[in-house]
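In what comes next, chain A is part of two complexes: it sits with chain B in the first one and with chain C in the second one.
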Partner chain A sequence: MNTRRKFSGRFLDPASTAIFAVAAVLPLLVQQPYWQGVLVVALYYGIMAVAWNLLAGFAGQFTLSPAAFSLLGAYTSGVLNFHYGLSPAVGIPLGVLVAGLTGLLLGRISVRMRGPYVSLTSVAFLHIVSIVISNSYSITRGDLGLQVPDLFGLSRVGYFYVFLAALVLVQVLVYQLLRSRAGLFIQALRDDELAAASRGVDVTRWKTVVFGISSAMCGLAGGLYVHFIRLASPEIGTILQSGLVVTMAVVGGMATLAGPLIGAFFIQVASEALRAIGMQHMLVFALLVILSVRFFPGGLWGFVEDMLRKPRVPAEPTVAAARERVGP
Partner chain B sequence: MFNLELFINGIMTGAFYAVIAIGLTLIFGILKLVNFAHGEYYMVGAYAYTLFAAATGLSPWLGLPVAVAAGAAIALVMERLLMRPLYQGYTNWRMMKDEYAIIVTFGVSLFLMNLATQVIGPEAYQGPELLQRSRIFVGPILLGGHRLVSFAVAAGVLLLVLLFIHYTPQGQQIQAVAQNRFGASLAGINTARVSQWVFAMSGGLAALAGGLLSPMYLAHPMVGMLPATKSFVIVVLGGMGSVAGSLVGGLIMGVLEAFGAVYISYQYQDVFGFILLILVLMLRPWGLFGERAREL
Partner chain C sequence: MSLLRFDGVKKQFMGRTVLADISFAVEPGELVGLIGPNGAGKTTMLNIMTGYLPLDGGAVYFQDRRIDNLKPFQISRLGIRRTFQLSKNFPRLSVLDNCLVASEAAGVPRDVALQRAEEILADLTLLRLADRPAAELSGGQQKLLEFASCFMTDPQLVCLDEPFSAVHPDIKRIIFEYIQKRNAGGTTFLVIDHDVAIMRELCRRLVASSAGRIIADGPTQEVLQNPKVVDAYLVSEV
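And now, the complex of A and B:
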């Protein structure tokens, strides 16, 4: 792949830097509180889409459980605050820790599985988390949810910059990870696990690690989000929420750096616009996902990348893709 | 203590689980992919059965073939438009087949759920009962009339499916393609047509279960989610691709749930199934009945 050019920036790739630069001035252009709220939610999904893309797009582990880890991050901070009055400043990092450790566990469990089995395990995991949380009334108050305070009386614009900072942090982490030696190991897992193992890549370790990192990021997203909407509820962790995250990453462009960012903004803003005309927004997006994987598997950003690439040659086949072609 | 009533109830629920799960395992058998849209075939069946009776006022018995046809039709369209590329000239350098299959079936699932919400609405409808008599004694056990009749239908269909797969040429072709698609095509089997058959059967069976269960579990856009996740558990338990495995797995699941809900915990009963799923995938990934020589 054009790895060298893609990872040319020191801290961040040029495309993401440009997107963040535009995002940083958005609150100046968008004055209505309602739309500022929409942008904050877009950033929340952006964090999760980046985290899922690291796991699915770059490491090849197709989980469907990002929402479950967001739920864990949200309830860790929510429960500690509701019952013990713990400050979000402590609760959110603890939520990241809980989600990250649980992610390590799920990663360890899925080490020997491939393809659809990882997805199945993650779906089962998501249901376990959400059933346990919505049925443990004495701790979580079930579907009623827990009221939690906001983050130090921030304004909408304040929230926007907190979420943006978190998204930039997550994206820089992903970028630095993928650029490092470990990043090559992780991408080798996706391309051909067997070949990677035969070349001495510690499959167990890197798979577990990438699960942990991705889950911790989702936990961060959930922890921040719960103090934005000020209600911890099981709704944060449904399979439909996971579906939305997957949709954003796929439509924006899986296995690209800028794709999930573009996807999150595009889908979130478009869904508000569709809501205005009374359409089921997920109906349109699900169709978009199907059309995207069928005809534009690189998503929006992948399409742009293909256009930019000069001279125009067909995308280089990966080893795994070649194996798929040769197999029976 | 052995409770016969619970056992019978478990077996009856299990038969429906088996009807749903066999379709999932058949698709896995021939294409080696997990169909995340399977629950939506169930949903389509539940709606078709319920709305047919409500719209025409005819006997609910006529709603059953309508439900089967609707489920089979949806599955056939999906096979033709989205699944066929998987085995006829898949040329996608960006995504592996597995990845494509997971995302596209998950996308279809989201699409159909939201289509139902948009077109029919989020409210739930109750399906009509096949038999109006409310209670029938079978030996010492009291059963609802509809429950008994629909169980008989489900059991009959299960028997037919098993006979079909083992004794008809078409069924044997399905087995051949499941064993080796390339080899089967060398032997003159039209593998594309076999795939169509399997998708139609899978959709039809799940839709039939959706119709039969709609008096109890209703018809609404999300109704397929729970049966689908349960059939994932069953199919993994029985061994991916094994028809007999999913039959036995379905019955085991039904009985375990019936006892678990009473003796262990009603609130957390669904959790046990999912923990079982993860444990089986970890420790015995080929399932209870599947063949061992398989790469996970």
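And now, the complex of A and C:
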């Protein structure tokens, strides 16, 4: 898939723009507080799915630790508020910083690893973070968690727009990153690290950077989320949470821009809607995921892209079109 | 001052000596062929000089600067470009983006890089494929694309690992003529290949290696007639 051909807009790709436009009016259509809450949680997962997709889909680093960085973001803001009374307006940015710096460290450690070794390292990292937080009772109150305040008394609709703004922000950042020379290097090292190095790309540097950016984004998600649920708990950072994020990105369309957005909404809303059928809902949900991966291997958005793909123009010289897409 | 100099380079794999004592130099503007039977250590030399393998003894110098302790990307940025036996491109990036990776890494302004890419791709018959993902190219076109990427930054030394193997004669001719054109413009080449006919026509100087040692080094015709080279390599080739 020629990903850079999608980056022809100036600010954001058309599909993401359309999704955000639809999302912006959802609170007008969804009035029940329960479903408004479901949508907020979908946006939370959306931020993490976009962040994970940057790392795994575009940079080729298949990690399983997005929930660990969300946990770091959540607990940074939670602990600072609980013990020092620091406002979320300070705690959340600090959570982003802590998650980002820890991500840089993990990236540096993983730099010589590939494939399953990166995944295993990230799982180990997730467990370390989770165990440290669970066992640091004097700071984190262990499994009891920390009660934290809400975000400035926001309503559910208010939370929806805060999370939506955060999701738009990370999507714009990812889009602009992928349009830049850094985006070219990141995708090059995904395809072939040896080839990238032979072309002069500092693989260590860009791998580390993309780890840091993705982790910071997950930290933002966790920082916001903890003030939505008002409880900093180790449950935020379980392997199941990471698995859910990965599932969302893969079902939506890995290495596509719109895929993680669609996947997050689809999985979260479907999961909640299926609760109505009772105890079997997880079984049906799992089956749904298996079927979507089986029949849409490129993800839901990948399938849509294939359907929309125009016949290729073998024209002479397509370099003009390529130049336009690459930008000035 | 030599452009490239191998100085007593040694390399072992699992206790087996692959390079025993390799010393030779490449001067600016030369077009040197490196020949030898399979297992002679030619690609190992290339991997050592481009930072992909550590050496066990000796040193490699580029413009009198020791480079065997540098990383591949640092060596690339010094102006040494290479291709691999099996083409290494970025399959999900377009042909044009494949070219731009090298120029962006070297800080070439985008306008200059696009102009250069257009010229190189036109010369190598890939221009009409500029917007295609590299994964859609044939094996020969992949070879051309990797070769094209070498010239996005005005390299000082281009090292080609079997550029003529397993490609259509038309593509061989395109690569051959482009090497000649760039060499006439001052670019230095070190070419590894088994096609003796092409190497004879292309290179003015050959370095022959066998069992990890240089067995001959000199004008092409002399090396090809050297009894050691004939014994070690050319019995079935000439």
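Just so we're on the same page, the second predicted complex is superposed on the first by the 289 of 328 C-alpha atoms of A that agree within 3 Å, B and C clash if a C-alpha of one lies under 4 Å from a C-alpha of the other, contacts with A are read in each partner's own complex, and residues count from 1 in each chain.
Here is the rule we go by: contacts are C-beta pairs under 8 Å (C-beta built on N, C-alpha and C of every residue); 3 or more make two chains touch, one makes a residue touch a chain.
Predicted model only: the values in this text are computed from it and were never measured.
Once the two complexes are laid over each other on the shared chain, residue contacts for A:Glu272 go to neither chain B nor chain C. Partner contacting the larger number of chain A residues, of chain B and chain C: B. Once chain A of one complex is fitted onto chain A of the other, the partner contacts of A:Ile109 are limited to chain B, with no touch recorded for chain C. Of the two partner chains, chain C is the only one that A:Arg181 touches; chain B does not reach it.
Contacts of A:Ser198 after superposition: chain C is touched, whereas chain B is not reached. Touch criterion not met for A:Asp150: it reaches neither chain B nor chain C.
Contacts of A:Ser119 after superposition: chain B is touched, whereas chain C is not reached.
Across the two superposed structures, the residue set of chain A contacted by chain B and also by chain C is 255, 314-318, 321, 325, 328. The residues of chain B lying in touch with chain A in their complex are 33-34, 36, 82, 85, 90-104, 106-108, 110-111, 113-115, 117-118, 180-182, 225, 229, 232-233, 236, 267-268, 270-271, 274-275, 277-278, 281-282, 285, 295-296. Residues of chain A touching chain C in their complex: 1-5, 181, 184-185, 187-188, 190-192, 194-203, 255, 314-319, 321-323, 325-328. Interface of chain C with chain A (complex): residues 50-52, 71-73, 76-77, 81-82, 84, 88-97, 100-102, 104-106, 110-111, 114, 117-118, 121, 127-133, 146, 149, 153. Contacts from chain A toward chain B in the complex involve residues 56, 60, 62, 64, 109, 112-117, 119-121, 123-125, 127-128, 131-132, 135, 239-240, 243, 246-247, 250, 254-255, 279-280, 282-283, 285-287, 289-290, 293-294, 297-298, 302, 314-318, 320-321, 324-325, 328.
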